[in-house]
């Protein structure tokens, strides 16, 4: 396990998927993200940790320009994905988001059936040629998200009638069904029990082989388990960013240390 | 710590706050809760654990008759709080809910200012005689919910503009501001970082002195830390219910054991 | 399952197609707005072009001798005796005054005296009579008055009547218009802003130049007060009950169907209802704004109820749950949290409903408000009660005027439409501003 | 409800302009409030008139036709027993077309041949083949037939059918031919004479004369049926056709030369005469020579003054009740 | 005396309100938490306990008096009504004050009053229906006594006649009603919906704030203006550029003319109400779709519209209702000819138009030609009722709650 990680990490080091420079985000007049620069490698899992309200979700939403939909939100600085500036006027946010998928912190299923919730992405991207193929995609996605068994008999019932954890997994299934290259996950396991969490972590581990995964989590154990890189945010700033091992065992910044040892919140 | 727990438990054993008998819940034609009977003691923290979708939220919502608001939802069986049948036609669900507060799984702040979110309950229940008193109640509630420092400068901004974890704490503050006798909390710490979680756990610990707290959680550690009683649900049934120590160290049911050791989900 | 395009800057076929479809969709939206805007522009321009003239009016400035011999033979200044002299008597004085004036200005005209007299509005005599009866001391002297010019002369100064059309017109002649032009040059005839149009009551078919909207505006105002005071609260209350409290049952289904069905009831049927219930059964006054307001209230209720219910329905249930869980009653949850969020929809319903109520004529037909009314209705009187005086309404005036023979009324009808729209705009501003404040996404 | 202090009138929209002129003058010269004149049609007016006695019913019903026996019966059932009938004059009905178009000189037969649904030809009824005026009479202009006639709700339609179509049917000899075809069924023959074609060449107008005028302006081939007063106010846009060589006008109609006209009435509720202030005065003022005479404002506006006005004045003064009730 | 009655009742209500609050406060012994309800609800309950029964009794007694009046007997003397109302008010006042104790759940009582007011409001809608049916039933029955129902419902000929012997078949009118409404909706629903979509999803705040009220002006323009617009502008254009070249007749008034113009009038009904419904869809749902790489239009079509469907259906239904009930535009735009034809460029007419024209005509008011208006009105009422039941069933199938 350790060895593989080392190999992976060096490989990742060679290919940066996302690189952010001096990113600032303000909601109206208050800054939520202050001057964050970070490089996120392909084929890695990067964890964002930090106290509640420190700007993790906000920064995550910058990476696929989801902040565009919030009127008061202003993003400055440069974010490049595959060396292309995502704020370039020529970039279509639609294409960007097809490439950079996202699971939100609050589960937000569509007012559609469970099946349609998952099939929606593949449909609009034309990932399936036939109905059967689409059915397969849905099934595989739900299986990966550890939801298939629970919902296979009620694919037609509305996605909004699921339990909290089921909704969360539905949103994960929905996101992976479109096969993005980068997957942004905002606390994807917050409403899940340990077993489901383990299944999702396994999924993330699998995804890492081909994709770049960024995950926001409050569980330091989880971060340590699944990520190769960890970024620690505090009050809108990126305080520390490095290999997960290093961040958790030998943090460079005193704030990181305090947070990890449970002294600041 | 141990000793106190024993004392508490014996005391609790004497005074049952909530007692449910043969509770069944169906959504349309599918049963979500099957024949659950349970006694919940006053001055205790009771944890509901179980895999996602097993009916924890559903059962919790029975206890303050929140399921009344779902058209398709049918609750049968008997639930008594303070020895009064809550389904008695003479019982006003409004008074019931004033007595039995609730924090929902998905944070649902009102589309109002942060201050108004918290002040709403005390206002309608007339808990404050003056504006200043109301302000105090709001402040104390926000402090207890570990949110005061983050929002004290923006009490006027909308509650919906908070981060996920902040919204969750806002909902906790809102619930405790009305000073209910029973507090039902559906995964109140799911979006919180460890420090905030610790603060909320401390709050729960404090609350226990006077209130009856029921908490749904996916974190077995959390259940072990804060609860005196634990109920394990599986596929809509109450599989095991007992002292937390016993449930975690010597589960009687094999399913409980599998779940705790991470074998079923 | 090839992953989508690798470069964000270059798009593949599918993306191009999707983007084109996006552009088409957006264009459709814009086109829809365009259609609506175009229709609005066309309608408004035609109304404005036709109706602007109504806001200007031509007057003849006259010095009118008031001989005691013809106005107060007894010389007692006894009002009853003076009132015996009818408008016909005063008309003669006016005609003489105009002829004198023309003679004094040494303007040549081939017109017969009676055709010259026809240049003065028939309304003028009544105005003069009222003036003299109110100021008896004037008798024996002169009265300086600006009197209304007849409709065709007025039309000439506004471009509605031309020398060419006058040549074929049995009611005027090119000579009359030429004379009017000379008088205007001599500053005897003047066209100026027409306050009377907004204040004066309706006039008969012979006097388009005197017709005004005073009574109609008061009538509409009273009716809208009734509608606003009843339709909005009753409509919102009914919606709240049906949406938030009524048990889901056959009965509530029936009520729901019944309300949408009411929306499809032709407006004149509400008139039948009003006549049967309010006038014949309850004995309320015919032609009164109170009955009109009640009928319009019933007519607008479905619009308000339907939109309010839709608005209530779209408030997320989690908001209600949150309030209920705090021990708020359903009533409190609705009034404190749901209603504010539903406010935009409710206000839209109100805007549409009031627009409908303000512009509707047919139901008023049967309760006697499509009428010729000259006396200003008062809001309250001991004999007639609240809003019990006979009145008309703005759309009624439009309807009436478009039916009249004299082309001068067509111009006034358009002017009345402009006024109606302004009235509507004023009435709805509050709703529009409020709605703007409440509109937000959650 | 408290007693009213204004006179309340309802009924025919044809009578409305005349009633409004009188009401206006009445309001100006008397100390009573100006009467309220509603429109809404003779039928609705008479219906409200007959709905009972009391302050919430009307005092006068205007009508463009005489009240009918079944209506009288309902009136009586509702307690409205004393009714004074007043004929105020005659309404001339004229045919007019766009001012810039061809001029026409009609006979009733022309109209019959132009508008009949079916025509008797060689012993059989065939669908009216005429589509152009000069197919009927070569003296008429070469212009396709497009007639805007009053809809069946209008009293004018009845007059048009009887005095133009039926007359034309008889004049043209078609009546005889039809009688031959249908075996001398007089009633059916009359109905056939008055049946109007439905192929779009004849257009019913349910609205008022302004609508007819607008339609002619939108379709310059159209010829419309108008009231005399309406035409006289729009001589710059319409040219009138002669009927059997007579030009319509108040004089020619009063003299009986111009054939198409109808009487206009109003009905007074006798029970209200002493209850409603000003009602008696208003009715007398209405029929006074000053107003309804040949030189009065009503005639000036296009009402054909009733030659028997004096008799009417007496009837009003004496409250002569209808049907001797 | 009469005008002072309201003043007296309101005075009593205010008095009761204050007294009840004082009593409650006194009962609380200084700590409001001892009360089952706050003083506010106590006061409000007392206020309504006086006001609502007083108004209700006034209404009921007046009704009794009226009914007596209509029967020609005096069931109640004029003075007894105010006295009775005052007694009721005083009883309410006393009762409300006396029950205002610490344990009294005043809020529940107060809400009971409010709820009864809400029910009363909902009852208005039902009573209106009842009133409409009753006010037409008598005359409709008379009509069917004079005219055979089979000829009315099944005949395809409509040609009323002054001398009786009229053909009064409803079918051509029904057809015209449906045809014209259909065309109107064909224009109004897509245009209105697209306008709503553009306003809520694409337009900036400024444009939206301007455009929405502007479009709503269309709903405020009197229908006669639309009618004239149809008659003088749209009609001739359709005739000269479509009907004549296509050989579909040469009528300026046609189903198409009226339908299109009516469609324009209905745009704001669809657009404004749909806009509200679309706006009420939670942003989180849109975000979910955008995050999957959906374009705006895909999001709107597949996520937002389904979620807003109940509101949009309501808007369309309202527009349809208005189309069926509209008169003036049809009179001027479609003509007055009752005809059963498929050609949209031919003149036709609707039930509503004929109701108005037969009611405001010059025919004998006791004859079937006039009475038919009531039969038409009642038939239309029943017919639209059927359509609405159908619509409700369809809407039910699609309704989904979302969060």
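Chains: A, B, C, D and E, in written order; residue numbering restarts at 1 for each.
One rule holds in what follows: contacts are C-beta pairs under 8 Å (C-beta built on N, C-alpha and C of every residue); 3 or more make two chains touch, one makes a residue touch a chain.
Everything numeric in this text was worked out from a predicted model, so none of it was measured.
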Separation of chain E from chain A in steps, with touching chains one step apart: 1
Relative to chain A, chain with the most remote C-alpha centre: D
Chain pair with the greatest number of C-beta contact pairs: C-E
Farthest chain (mean CA position) relative to chain B: D
Central chain of the complex, centres being mean CA coordinates: E
Approximate Å spacing (C-alpha centroids) for the pair chain A, chain D: 83
Whole-Å gap separating chain A and chain B, where each centre is the average of the chain's CA atoms: 29
Whole-Å gap separating chain C and chain E, where each centre is the average of the chain's CA atoms: 22
Per-residue overlap in chain C, given as positions that touch at least 2 other chains: 4, 18-19, 22, 275, 283, 317-318, 329, 341, 365-366, 402, 442
Multi-partner residues of chain D (each touching 2 or more other chains): 13, 40, 44, 207
Chain B residues counted as touching two or more neighbouring chains: 94-95, 106, 125
Chain pairs in mutual contact under the definition given at the outset: A-B, A-C, A-E, B-C, B-E, C-D, C-E, D-E
Chain D - residues contacting chain C, complex: 1-6, 8, 10, 13, 16-17, 19-21, 23-25, 27-29, 31, 33-34, 36-40, 44, 48, 51-52, 54-58, 99, 207-210, 227, 229-230, 232-237, 290, 297, 300-301
Of all residues in chain C, those that touch chain D in their complex: 83, 86-88, 122, 126, 129-130, 165-166, 168-171, 203-207, 275, 279-280, 283-287, 365-366, 368-375, 382-385, 390, 400, 402-407, 410
In the complex, chain B residues that touch chain E: 92, 94-95, 106, 125-127, 129
In the complex, chain A residues that touch chain B: 27, 30, 49-53, 57-58, 105-107, 146, 150, 154, 161-166, 169, 186-187, 190-199, 218, 220, 259, 262-265
Contact set on chain E toward chain D in their complex: 159-163, 165, 228, 231-232, 235-236, 239, 249-253, 331-332, 335-337, 339, 346-347, 349, 353, 357-367, 369-370
